[in-house]
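Multiple structures follow.
Heads up, the next two complexes both have subunit A, just with different partners, subunit B and then subunit C.
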Partner chain A sequence: MEKELKMPKLSPKSDDYFFGSWEKQVGDEVKKGDILFEVESEKVISEVPSDYNGVLKEQRVEEGNPISAGDVVAVLEVSDS
Partner chain B sequence: MDADYKNKPAWLKVRYDEEKVDHVSDLLSKMNLNTVCSEANCPNIGECFGTGTAAFMILGPNCTRNCHFCDVPHKRPAPVDLTEPLRVAQAIKQLGLKHVCVTSTDRDDLPDLGSDQFVRVIKAIRELSPHTTIEVLTPDFQGKTALVQRVLDAKPDVFNHNMETVRRITPLVRDRRATYDHSLKVLHYAHEHALEGTYVKTGIMLGLGETDEEVYQTMDDLIEAGVDFLSIGQYVQPSPKHYQLREWVPMERFQTYYNQAMAKGFKFVASSPLVRSSYKASAELAAVGVKR
Partner chain C sequence: MFYLPTNSTDATELFALEEWIANQAWGETTLLLWSTAPTIMIGKYQDALAEVNLALADQYHLAVTRRKSGGGTIYTDPGSLQYSLIAPKASQTIDFSRFLNLICKVFRQIGVPVECSDRNDLLIKGRKFSGNAQYNLNGYVIHHGSLLFDTDLDTMAAALQVDQLKLISKHISSVHQRVINLKEVLPYPDTETFKQQFLKELNPLVGGLQVRHLTTTQKVEVAQIRTATFANSAFIYDRVPTTLITKKRYFPGGGLVKLSIAVEHGVLSDLKISGDFFSNLDPYQLTSALLGRPFRPEQIRPQLEAILEKTPIYHIQVDDLINLLFG
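This part shows the complex of A and B:
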């Protein structure tokens, strides 16, 4: 099953961040808890882990671009396990 | 020697843990409480909320002062909420906090400048959680010692008031009403008049353009004022509109300052980039053997 992964709300005060870098590439196997990408908010760099097991199908954001909480970041082919 | 505030060093990398942060955030928003963790967008929020630690910001969320380093909104504040002390105390009890930091916005609009709300909050926490140690991080109360005394009489375990920076840089980063001498006076008064069992604490930020000599002079001023605990952390510029970051201070210098501060006679020093006033603050009381 394909699942759209959305940008979590990282800061209680702000919904607008900068996308940092991808830690997984299209085709990579992803396990729950693996770091998927890094995002910069005003004060920190947050490492965002995956909530699912699966394979990364699409990256919808480029490194360095602005991004808001709720935006679709990636598409994951989620496996059952 | 301006530094690029967007070019963050590796130690500013944090792991996002939605579940843990949400647990504390939900409870606090349900009880309509503010934390300085959220309002100042603190980098340690994941770790602290994850371990059930929070620094409550009473009398907020809007501040009457406009310090150029700070991310707390400078807007017209709301009237004092007399139900707030009980709600803070209930949240602390529900979270089972062993040590709590209570701070506030500046309230130059109030006749008591907010001091009485600190007293009410301390009393409410003592009633519901007698074994929780309490640290208050107060405004300068415009240097009015009678107001400082009211807070001291409520017997917090730690009376904290932040110097923020060295003398020369104070007028550049703090609101014009917040002076270096006011803050020193508050700390000195607290040392002289605190009841037995209350320790006096302060904190400074690095990376604002201060020199070693200026930092050491500030340490000397603080020792002379009778300050027990000192926290030293890295300034992180909240946005392009805020005071320009001058330097990401290397770890070695934090270590050097730690050694110098301990040699000068502070009872406890926390010196590291991510140190904030309330970050792991219970360690200082453990260091001097205080337990409730």
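This part shows the complex of A and C:
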């Protein structure tokens, strides 16, 4: 099953983030808790982990671009295990 | 709270120490309090070419470093005091208050009323004396703060002033603010006295600082992190995929020089020079000598010296071009 992964809200003050870098590439196996990507907001670098096991199918955001909380960041082919 | 005394003035070593501490997962907050040799620190997703006057940094031997935390570029020197708090992460949500409340309490004890801005800076009478930034590692928050005590503000301003017509790259931009040195409002004669007073006031607020020291083996582990990451020029300069810069300057007696520059992952990938200067300089010869080199003053200067020795530009010297390229 494919699942769209959305940018979580990490800051009580701001919904705007600078998309820093991808830690997983399309085709990579992803385990729950693996870091998927990194963002910057309010002078804080935050790593965002996956909540699911699966395979990364799509990266919907380019490194260096702005994103907001709730934006779709990636598509994951979620596995049962 | 643990406290690791350190006499290192090398920011790359201190950044490595912070990371090493987070990796130990001691389950307790650890404090570092440190000063540096004259140093420029850029944020993780910043572009050194956009934020740092690399010509001036080269000329005055200012260390250029990159943090793993976010935010803008700062300048530190022996007149600055840096604090690092490495603490177990309480939640995924960004939180500065647990650290800044403590620092503000210390300053209240010292007798200075400070305010916290919405950018998580600490201010006195509206002027910034402390910036704060964080990153997360291994379930820990690494919180850095800078304290301007007797920092050379003129060098700071010059080092962080870059003169460019246009710069295009994807990066976090610095926000420049009015600053103040704490020495203006505190009676302490030097940074070391301020540091000792800071520790004295902090100590009871955290129920006593428990001093820790590293073993020789642990120091080697820190040094390995430093070498692999923070002292690695690729980490400092090569992060940004592409930077496009346009610059121009009129040199009295020499004429106008216009440069169009492209840098990819820290390497000069395109250079066009034009203007009304007087020279037999072959632009193709210039670009072929420079393209593919790391785009930093110490890497470009020897090539420029060799070229201009053969084909001088009337009333324009190598230093002029270095300042135009990097200043």
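Just so we're on the same page, the second predicted complex is superposed on the first by the 81 of 81 C-alpha atoms of A that agree within 3 Å, B and C clash if a C-alpha of one lies under 4 Å from a C-alpha of the other, contacts with A are read in each partner's own complex, and residues count from 1 in each chain.
To be clear about the criterion, a contact is a pair of C-beta atoms (placed from the backbone, for glycine too) under 8 Å apart; a residue touches a chain by one contact, two chains touch by 3 or more.
The shown structure was predicted, so the numbers you read here are calculated from the model rather than taken from an experiment.
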Partner chain in contact with A:59 - subunit B first, subunit C second, else both or neither: neither
Partner chain in contact with A:12 - subunit B first, subunit C second, else both or neither: both
Subunit A positions touched by subunit B in one structure and by subunit C in the second: 8, 10-13, 18, 40-47
Complex interface listing, subunit A residues touching subunit B: 8, 10-14, 18, 38, 40-49
Contacting residues of subunit B [partner subunit A, same complex]: 6, 8, 12-16, 18, 25, 38-39, 41-43, 45-46, 71, 236-239
Partner subunit A, residues of subunit C touching it in the complex: 43-45, 68-72, 92-94, 96, 118-120, 131-136, 169-172, 241
Touching residues (chain side subunit A, partner subunit C) in the complex: 8, 10-13, 18, 20, 40-47, 63-65
